[in-house]
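Same chain, two partners: chain A is paired with chain B first, then with chain C.
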Partner chain A sequence: MTDEGNGQNRESPKEPAREGSVGLMEPPVATTKGDGPPINGALLLRAGSLMGFVLVIAYFALVAPGFLSVGNITNVLEQSAILGVLSFGMTIVMIAGGSNVITGGIDLSIANNLGLSAAVYAILLKTGQPDIVALSLTLLTGLAVGLLNAIAVVSIGILPLIATLTVMNICAGFELVITQNTVLQASSPLLAVLAGDGPFGIATLAYLLLIIGLILIAVIEYTPFGLRLYAVGGFREAALAAGLSVNRYIATSYILSGICASIGAVLSVALLSGSSTGSGDMLLSVVVTALLGVVFSRRLVPTISGSLLSVLFIGFLINGFQLTNISSYWVNGVEGLLILFAVATTSLVRRREA
Partner chain B sequence: MALAKGDPVLSMHGIVKTFGGVRALDGANLEVEAGNIQGLVGQNGAGKSTLIKILAGIHRPDAGSITIRGLHCPHLTPRQVEHLGIHFIHQDRLLVPTFTVGEAMFLGAEPGIGRLPFLNRREMARQATTILRDHFDVRLAGGALISELTPAERQIVQISRALLRDPAILVFDEPTAALVRREVDRLFEIIRRLQAKGITIVYISHYLSEIESLCDQVTVLRNGVDVGHVSLKSSSTTEIVSLMLNRDIDEMFPKRAVPIGEPVLKLNEVSARGAFNEISLTLHRGEILGLTGLLGSGAKELVQSLFGLVRLHGGTIEIGSERTKVSSPPSAVSKKLALVPEDRRAHGVALQMSVRENVTLASLQRFVCFGFLQPGREKTATNELIRKLSIHTASQASPVGDLSGGNQQKVVLAKWLSRQSALYLLDEPTVGVDVGAKVEIYRLIGELAEQGAGILLLSSDLLELLGIADRILVMYRGQLAGEFNPANSTSADLLSCATGTSAVSEYVNAVSAESGR
Partner chain C sequence: MTTDTSPTPSAPTGSASHPSRQSEATAEARQRSTDAPAPETIPQWLHRSSALRYTVILAFLLVFTFLSVKAPGFLTLSNFVNILVNNFTILAIVSLGMTLVLLTGGIDLSVGTAMDVGSLLFISLISAHQNFLVAICGGLAGALATGAFNAFLIGGLRIAPFLATLGTLFIGESVQQLATNGGQPIYLITGTLAPAFIYIGHGSFFGVPFPLSLAVGLTVIYYLLTERTSFGRNTVALGANPSVAWYSGARVRYTSALVYLLSAVTCGVAGIILSATIKAYVPLSGNAYLLDAIGATFIGTTLHSEGRPSVIGTTLGVLLLSIVTNGLLLIGWNFYWQQVGTGVLIFFVLATSFLGRRFRR
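Coming up: the complex of A and B.
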């Protein structure tokens, strides 16, 4: 009851006084809480987050010589490419699955899918397959894992958190079977190009991160397909009422996420000249960046551009730590704090505005 | 819309639908004439929503035929329904909260940029703004977010969404649930304007006042069958009520002669800052004291202050001739006060918990033995209350969220009944409850009074107050403005007092000394 008082204080001036609430068999007046003018916490949050981003960069620019040099920036972009592509996949799943922390969309298998796809790619190259075959089979592997997630979540109806956790283990298992827990060296003409520099002496991976990012921004944020993904995640019943086949969109999001994982695998094999163990460690960073991306959007929803920003933020943060000789062991802790920050602030702002 | 006004545009005939052995519809008929506003009423569970879901193509009927605009449709699908020009305005306003008005309106049929497959957000916003302005005189930016809109504005966006698709028939399913009075009037104006444009309207509601002021024809459903087709030009709402209930309206308010006992609650000039000033009143055992007032009159805050939810700044409270303070809800409960709050979803029941858990929650001590709950005793007590209150639930273990609004309200009542309180504070106990459940709640309130409890009934349903209260107090701007005897007052008396239109506060009855201004 006490919070009802608050609710009324926040009432919009547009809403007429409930003077009609007394009458003969009149419709009861339901309390309509919180439909007030937005205090615009979202705007504040976005401005604050961008400010934080700029401050962190400004700090490192001051204390770490060469932090803002072209060489260092492209270095950060190159190092962020793999995390970035995974983060895009996670973001798509979160868009279509909705923001509920328990029941919403999440793809926990994405990092291990990368590990598995990288192992597939490396072993195919090792056995002498040409690039085109190896590449297609790698992408197919990622897609198959995504399809498995989609079947588990959509057809069987398992909670995404549980379904993708299971698939994560399946991926980890297969990866071990292929690699015997060793590093598989790999090289090919394509890998040479990917690992090298593009125009202006800037790393190819840096270009790829930006190109893939821009393509996905266009597809997710500027096409009807993207809008419908948001509708499916934002209010399932509304999407159904608009005649959308909700399940198909959710399934597509997991498949896209799987493809992102296998693209990330190709980039990873290029960067490390082979498959590597321990890809699953990236999962926390992927979740952080996808969640943190939410605070950069006006509507407090996951966006590709927001995720790209937060991937760069984390990238610059780690790079700054390295340049100022702060132990990289701090990074995990900082990432945990950022998750807390993103989830706490967005849910607070949402609760106030919902 | 080649049909002339009055031609049958939609007819559902002999519709039967069974859910797991329960007959939701048992040969129901619905006939809608072109250009009319057709009402569909019935209590909760009468089959309204099943009938509408069949029309929407969500459920498939077991038997019966459907003809839409002269076309026989044996197997309706949602898509086909949309092609036939039938659109639905749902009560929960199905719009994505994070979308802009434009996006929400065009979702599923988004305009592109030229031939490119990209969203044309500017065009969507522009068209949305235009439609809202031209059809509804509503000035809303097409780029505003749905979450920033009032419920009424969202409703209008939803109607506009349907209008974009050039509807022949618009079905409104309980559209006023979240609207305030003025917004309801505005909605009606809009519906009439749509009718004038030649759109046929089907309007579903259990508020008869809405049906009466809006509809041309009414179909009444009861127990899955249409029990009457009434033209509102020739008959009144009382006829509809008796059709819905299958009983007379006089039976709605079961009257009991209960002897009024000694005072159980006395307020002496209590005040709460910004809410009410120097209120004095006395409530006796066995008495149902009605209290009403507009929003801001302080009536609601008065009731809440008695339960320790609003702080008092002066005056004294006597409960059972003992001066006391109610500082918090637990202290209220310890003084044998019970509150049935209006917003039962927020304050009254735990929706995911079972009926039994909810019913016994406030009186767990009664069922504890050596620190452990005794399920057997809990079950017996719950069974008794379920029977006594005729709560319609599949079992004691069903989550309360599965129950209808009226039955949820009865669970709240049962929760406090199992405590046997001396003083009941009822805050709008029948809001959102259908007529049949209302009658049962009235009967129950009467029983509580009979057992010697004092009841303070806050309600804005004047008919209800006149029907069951022994005395009615009206508040206006933080003051007691009048006291009425239901036997010789009318709702107009109460209303004019509550709105402050009567010159001086009218004391129809003898004014008790303590209820002065």
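Coming up: the complex of A and C.
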């Protein structure tokens, strides 16, 4: 009884209870992450995660000969390029959408958007369109899907989770319509360059991953635009009060994510020399890397650099599995556990601080 | 803030000793939801104009009329039986679990996993010449294990349902790939099957196909569970406002954990029926039902007077989706275009449903 009276005093409309919530509402992190000294829990978590990364690499370096050779590292970078670009897109959406899992930003359509864009690219090349036409139409496809997400989430107000889940299925449907569930072979001068080696005999895709990553790190973490993106996601009301057009930033994040998906599509067509079925399976890895990136960041928020680190982490992990002959069927399960680990630890640390 | 230490679910006011308080909780939650401008985290389906319901009913009628005119053989009795048996049954069962979870304000992305795990264990036990009942229990136990994992993550560790069930979904995929050597289906040899096995897939119960009568039976049970029991009222209260539910003495964590267990077992039943119908276990086949189940439940919310998920609404939503799938097939759209068609339809229903609450703001 006393508890109840106490509770009603405490309850304010802006801050619904966090206890006993089914996770519907995350603790309000916005208040704790803006300023103040660095937080011990977060620091510990970050250090622990980095340590884990180093330990995994050290383990495979001991067990698998050639794991740390330049050739193998390049190989990992090349294989991670597609996942990396998608993960960047997802990260941008998560930054602008905020950390609440139900109402916050997420783009579940990103992997199937890649599939659709890749199908568009492959079929255009196959029908003899020049590279520039195919490339621009592919980017337009990704942008259109991103725009659809933006309209659904911002203009219509569908929960991002459900809106992008639906768009995901529409993309998957269109991809099947285009490819008839087959692999479309494609080749073009651009693809030859992308699939080949750049300077120093290192794969072009590896360079591209690092270049795109660095550009996005610069844009998202070191420009006013990026800062505002974080402001919109971190504390929507404050951003509104500060005069930011919140909706425009959220819409932009979905469109950027769509473009990332189509860039990923081009890289994927280059790597596999054609479109491939089952691109939707990448969704998990994308979600995992974007979430895992949070534990690599200083204030436990999604960052591009954190996502890049976690993409490399997953890349090295899968590569290590291959080199040590561990079945690739374990990969999904390990990724599932990593999601749960990342989410459980970050929410624990945040709750401590709240 | 004391918030961090106080909230163990058993701490405040045991609901067992105050049964009458539970209905108060619901009443209070409803009261709140109708008066106050809601905090953003309350499921927003509670705030919508009821006029919107007619839009969806109108859409339903339009689709129906269109298909009656366009699709040859759509308006025949045998086709309706066909819709109910082939399109409706499995999705209806899966959607029941989804409805219960969405009622509490959570989401279960692992419905397909529960189906698959149930189906995997059921078919494996049958093909290992185990007793039929043992196989059924095995299948249900497998599904229950998925649900228990979700319940532990969500009720115990308080991980957000979306991420917890996403994790379960992917761990489930890994388990299935490991168990089936990368996704090999398990087929049963038709001659050796027990009569009971044939019966649950293809038998008839008082003239009604058994899977369909099972779906109807489960729907009735779920209806009674959600609308007529204190547990049902707790789930509604939890979805309306978890904090009010908690302060009112509803056992929030217990309820939310139980919801995922029930959802998983229900999906396990769907998986067993599915595999009995096709006499095989096909790995990762359950995920196809995920979006349709969410879509059907949200179509259902537009039909409910408070705009929340409801068993009757969901069943009508499943019916609408089944009719559309069947009709598009009869018109001659192939499977790929059907996926686009249903996707676009669900998109528009969601858009209507969510636009409605925009207008009320």
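FYI, the second predicted complex is superposed on the first by the 315 of 354 C-alpha atoms of A that agree within 3 Å, B and C clash if a C-alpha of one lies under 4 Å from a C-alpha of the other, contacts with A are read in each partner's own complex, and residues count from 1 in each chain.
Here, a contact is a pair of C-beta atoms (placed from the backbone, for glycine too) under 8 Å apart; a residue touches a chain by one contact, two chains touch by 3 or more.
Predicted model, so just to flag it, every value in this text is computed and none were measured.
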### Query
Counting only touches as set out at the top, which of chain B and chain C does A:127 meet: first, second, both, neither?
neither
### Task
Would you sort A:231 into first (chain B), second (chain C), both or neither based on which partner it touches?
first
### Task
Considering only touches as defined above, state whether A:243 meets chain B (first), chain C (second), both or neither.
first
### Query
Residues of chain A touched: more by chain B or chain C?
C
### Query
What is the contact status of A:337 with respect to chain B (first) and chain C (second): first, second, both, or neither?
second
### Query
Looking at the overlay, does A:300 come into contact with chain B only (first), chain C only (second), both, or neither?
first
### Message
Applying the document's definition of touch, where does A:222 land relative to chain B and chain C: first, second, both, or neither?
### Response
first
### Task
Applying the touch criterion given at the start, work out whether A:325 contacts chain B, chain C, both or neither, answering first, second, both or neither.
neither
### Query
Which chain A residues lie in the overlap of the chain B contact set and the chain C contact set?
1, 4, 14-26, 354
### Query
In their shared complex, at which residues does chain B touch chain A?
78-79, 82, 88, 90, 92, 94-99, 103-104, 107-108, 110, 112, 117-119, 145, 147-153, 176-185, 207-210, 292-296, 304, 307, 309-310, 341-343, 346-347, 428, 430-432, 460-463, 491, 494-495, 498-499
### Query
Once bound in the complex, which stretches of chain A touch chain B?
1-2, 4-5, 12, 14-32, 35, 37-38, 218, 222-224, 226-228, 230-231, 234-235, 237-239, 241-244, 299-301, 353-354
### Query
What residues of chain C sit close enough to touch chain A in their complex?
1-4, 6-7, 9, 11-13, 36-43, 104-107, 153-155, 157-164, 166-175, 177-178, 182, 238, 241-243, 245-249, 252-253, 256, 291, 294-295, 298, 335-344, 346-347, 350-351, 354-355, 357-358
#### Entry: chain C partner contacts - residues on chain A that touch it in the complex
1, 3-4, 6-8, 10-11, 13-26, 100-103, 152, 156-159, 161-163, 165-170, 172-174, 176-177, 180-181, 284, 287, 291, 327, 329-337, 339-340, 343-344, 347, 351-352, 354
